[in-house]
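The same chain A turns up in both complexes below, where it pairs with chain B and then with chain C.
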Partner chain A sequence: MTRYIVKKIIDMIITIFIIVLIVFAMFELIPGNPARIMLGMNASNAQVAALEAELGLDKSIFVKIYTYFSDLFNGDLGFSFRFQRPVIELITEALPYTLFLALYAFFFIIILAIPLAILAARKPNSKLDNFIRISSETCLAIPPFFMAIILMLIFRTSQLALQGGSVDFDLNNAFQSYWMPALAIALSRLAMAMEFLRDSIIEQRESDYVKTAIGKGASRSRVMFFHIFRNSLVPFITALGLILAEVFSGSIIIEQVFLIPGLGRSLVTAVEARDFQLTQGIVLLIAFIVVFVNFCVDLINQFIDPRIREQNKKLYKSRNTFFLRMKNQANLDSQKKR
Partner chain B sequence: MKLTTGKLNNNLDQIRNPKLKRDLYTDSSVLNSARKQFFIGVILLGIPLILYLISLIYKPYGVTEMNPLDRFQGPSVKHWFGTDNYGRDVFVRAMSAFPITIFVSLGINFIGCFFGSIIGALSGYFAGVLDYIFSRLTEALLSIPMILMGLLFVSSFGNGVIQVIVALGIMFIPSYARIVRSGFLEYRQRNFVKRLQLLGSSSGRIIFKHLFPLIKSRLLSALALGFSNAILAESSLSFLGLGVPTDQITWGRMLKDAQGFVFQGVSAAIFPGILIVVIVLGSFFVSHSFKLRDQENKL
Partner chain C sequence: MTRRLGHSLVNKSDILRVENLKVTSANGAELVRDISLNVKRGEIVGLVGESGSGKSITIMSIAGLLPKGISIASGRVFFEGRDITKLTNNQRQTINGSRLGVIYQDAAQALNPLMTIGKQIGEVLQIHTKMPRKEIKYRILAAMRAVNLPDPEKTYKSYPHELSGGQRQRVLIAMAIINNPELLIADEPTTALDVNVKIQVLELIKIINESKNLSVLYISHDLSTIQHICDRVYVLYAGIPVEVGRTEQIIHEPKHPYTSLLIDSAPTKEKRGKKLAVMKPRVQDQRGPATNCQFASRCPFAFKKCYQKIPHMISAGKNHEVACFLYNKNFSESEKIRTSEQPDEK
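And now, the complex of A and B:
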């Protein structure tokens, strides 16, 4: 078990390393002189040279990569030219809003997806099932910003939010002021989680242990919640981990619609002003969150489902070398149903 | 030939084993539903296309022609989709955005599918270390939300159609790679692959001549889905005002402009969105039908 966790952590570090490299490459590949772009056309050559020296643009690429990583390790994300403040300060200011919005959206996704999936799975391909699936697919086809516009038209409430942020998006009474943006994100991403849960409930219901439980006289609700639902949780939680990146995408756009002072708005301002360091900082932070949450999802699945635990134990036996493990993993994946 | 014999055996099994009779019944219903879904999808995709073809012939207003007296009109015979806050005709504007949307979406999917198929095929067929490296790469790309990658690209390379296509194309690689990889993993241990290897076929021949045709409908399904996702991503970027250049009209930008006047001019804020939804839903249906067909034709 510890072996498994250690190897997963190594995987996570490699993934993060690649992400940082991608983001670093973006900065390296900027056509022209980044310092010139940052300072604008009116800057003097001396100013540009000073900024180049400060950013370390005149050094070799290996030195640049090294300093980039060591700065990151020390929590230094650079300096924002647009706001004239350290990036880390700006991020810590804006992060709570985005995080709250994303969590609120997740709350809506969970409380809507579970009952809908159970309802839909009761009779596969019945009228109710088809209705639920088609309406959730339709919601999936609606981009989050259009969903926000539709919700505004339906509820006719956030007229004020449209005209310059008169609705207070303070975190004090957050549950009241944030429900509409959160619902807009949740509805447009609901279908993914729901389909996963519905399919796995249908799949689990056919299995032998469910028939045994019914044969032993367990009530319908008991079989549903204690046997089927518990085992369907694994794909559902995995799906939630996969949706996370999409929810962050959604919240960045929705913040723009409702003028919430979160990461999304700083990001758009940063991109418009070509403030590279702030852009990179926000992208890296969100990618780190996504990677970390998916790592946690793997661990949670271990604790929920003993079968996964056993499988991983076999796969990560101490005798297995890296190559053998990759081979076994491939074999396991090929046996898996699509 | 192989496919048909496989099917026959399957049917014989079903006749011998009464428990499997239900499958015999569902098989045809699956095909029927695939046909039905394909039909619905094509109709949904056809609506915007027909409207676009009409707009090529019937052009009552200019794209930027303002008409201050006709602001915030609802849909009527004069203005099919109503007018926006400057009195510009929404139908003409929305239709002028149709070709660029389709072009960007196709470009994104071409990049994603081309590189994704290569990466997926290599990592699925050879497995092992190559698979590990590629799966770390795809995992890294999947962890960056698509919009963020688009924004990062735009911040480095500036606004532009090519930038959007390349940035989002890169982000579409992992999803295609995953699909192709899972298909290849499924078939790589099969006897026919082993026999081909023993007969001395090269890996390239097995991959392109034997394995790719098997996952064709799966790839088509992914392409249809990717087409819709690309439209969603592109419209999100233009909604933020950072996708294609400002002088180019797109549905996302029209929605952004109309957003401030939602309650005065409903039609300007609704119709571009409906066009997005119709195209995306249409490709969802087409994608589903290919998926069902794939399950039906499984070897």
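And now, the complex of A and C:
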């Protein structure tokens, strides 16, 4: 088990390394000289050259990669010329807003998806099931920012809405002031989680072990929660992992609508101002979060399903290469499908 | 084979009595047409028939586990003297697992893959008793030992996929007997097992039956398995019992043409080198009520009457009954001339 986690962490580090490289390459490839952008159109060539030398832009690509990584290792994400402050400072300032908003939305998704999925799965294709699915899919089709506007219109007279529009970030009343943006994100991402769980419950309910449980004399709720629901969790949690990543991206736009000074707003400002270092920093951070969430999903699923544990143990025990592992994974996937 | 006959005569009360059970599916097919059977205390009763004969549906209706869309149309099922066909969910929950244990066919599917073996066996006690945890665990380990599971302490913590097929079947048996039920229903528990494991499992069921005076209703399509453990056998065909008798009567003096064909088609040592009997394929529509002998179209002895009326059970010896016109004394031998086709009037 620990062996597996260690290997998984190594995998995660490799993935992050590759992501850093890609992000770095992306910003290298974007046309435009950062020094020129910083100084403005009127700057002389000599000024630009001087700034380039100061920023290390004139160095070879390898030196640049090296300095980039060594800086990163020291927790230095660069300097934002737009705000004239270190990127790391800006990120630590903005992150709590986004993190809170995303987790709040995620919390909404979970508490809405589970009861809705159980209700919908009760009688597949019944009126209730169709109603739940159609409305959640409609929500899926509406972009979060538009959903936010709809919510604002609906709740415009209520006191809650006024709080929902506020930008104060104060942990004491954050739950009150952020409910609307969080709900807007949650509603638009709810359908996926709900349908995964619903399908999974319907599938699991047909299993023979459910019959065994009923044969034991287990009550309906016991069968539902001790057997069906628990066994439906693996696909649901995998979906939740994907959704959490989407929730982060959803919050970027929502923050614009509600004027929340989070990562998303910083990112948009940075892109508009062509603030390379800040953009790079935020993109990296979001990538880290996604990778980390996937890591957590793997661990949780492993914890729930002993069969996955077993497979992973086998997979990681053998002294195999990355490609062999990919092949094994593909085999497992096809087996599962069958 | 007569080993426990005396003992079953001592205690004659029926633990389970099924009267004219009829089970239909949503599209009108009669899956079980008219089954009456009884199981006495301490008796092992076999239910044999080919796939589609309604044996699994019969026991599912007894255990209240009928799948969606399939329901009991008429008839009654008495368990310990109480009609259990119209129980509410709550009443059913007090019977299942505590008075009535079921062993399922496919142990690999019947166990929850995400729960440890110990927890799954113990769930029965958790539901039906208020025992403290320690005692439950003690009982689980005892039940595991009773069914000869190796290394109970270790198996307690393992998951279904870590066990072999035979071990999983033993787990199911342990689960079924842990709460000392009165009746054990076994739905082809040995189909998926190797021959030697199969014998072990059968022996185990026999031992439990003898030591706890437990009644068993044993379902199988395989007469050799039935022969191995049952006291009495019901032969089912298309949802109707066609022959009932003590196991040795059924095996050695089968009366119904279907039973004889079933026995003749099974490969045995004596029949080595000889051709086995082959039945005509079954082409039958089970929608609507039966109007004639269901086996007539495949029967080598079918005569005119067989296509016209339903034969009722008639005595064919002590404790032996058969539903076939061939044994009806009201027909003369000249009437019993084989006709291969159905009469035109239909």
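By our rule, the second predicted complex is superposed on the first by the 309 of 338 C-alpha atoms of A that agree within 3 Å, B and C clash if a C-alpha of one lies under 4 Å from a C-alpha of the other, contacts with A are read in each partner's own complex, and residues count from 1 in each chain.
The rule we apply is simple: a contact is a pair of C-beta atoms (placed from the backbone, for glycine too) under 8 Å apart; a residue touches a chain by one contact, two chains touch by 3 or more.
For clarity, every value in this text was computed on a predicted model and none was experimentally measured.
With the two structures aligned on chain A, chain B fits next to chain C without clashing. Shared-chain residue A:272: touches chain B; no touch with chain C. Using the contact criterion defined above for the overlaid structures, shared-chain residue A:208 touches chain C, although it does not reach chain B. When the two complexes are laid over each other on chain A, the CA centres of chain B and chain C sit 80 degrees apart as seen from the CA centre of chain A, to the nearest 10. Using the contact criterion defined above for the overlaid structures, shared-chain residue A:218 touches chain C, although it does not reach chain B. Between chain B and chain C, the partner in contact with more residues of chain A is B. Using the contact criterion defined above for the overlaid structures, shared-chain residue A:227 touches chain C, although it does not reach chain B. By the touch criterion defined above, A:287 lies against chain B but remains apart from chain C after alignment on the C-alpha atoms of chain A. By the touch criterion defined above, A:30 lies against chain B but remains apart from chain C after alignment on the C-alpha atoms of chain A.
Note on the superposed arrangement: chain B and chain C approach each other to a least C-alpha distance of 7 Å. Residues 11, 14-16, 18-19, 22-23, 26-27, 29-31, 137-138, 140-146, 149-150, 152-153, 156, 159, 162-163, 245-246, 248-249, 252-253, 256-257, 267-268, 270-272, 274-276, 279-280, 282-283, 286-287, 290-291, 294, 322-323, 326-327, 329-331, 333-334, 338 of chain A touch chain B in their complex.
Put simply, chain A touches chain C in their complex at residues 207-209, 211-220, 222, 226-227, 230-231, 304-307, 310.
Interface of chain C with chain A (complex): residues 63-65, 89-90, 92-98, 101-102, 104, 106, 109-115, 123-124, 127-128, 159, 161-162, 172, 175.
Across the complex, chain B meets chain A through its residues 127-129, 131-132, 136-137, 139-149, 151-157, 182, 185-186, 188-189, 228, 232, 235-236, 239-242, 252, 255-256, 259-260, 262-263, 266, 269-270, 273, 276-277, 280-281, 284.
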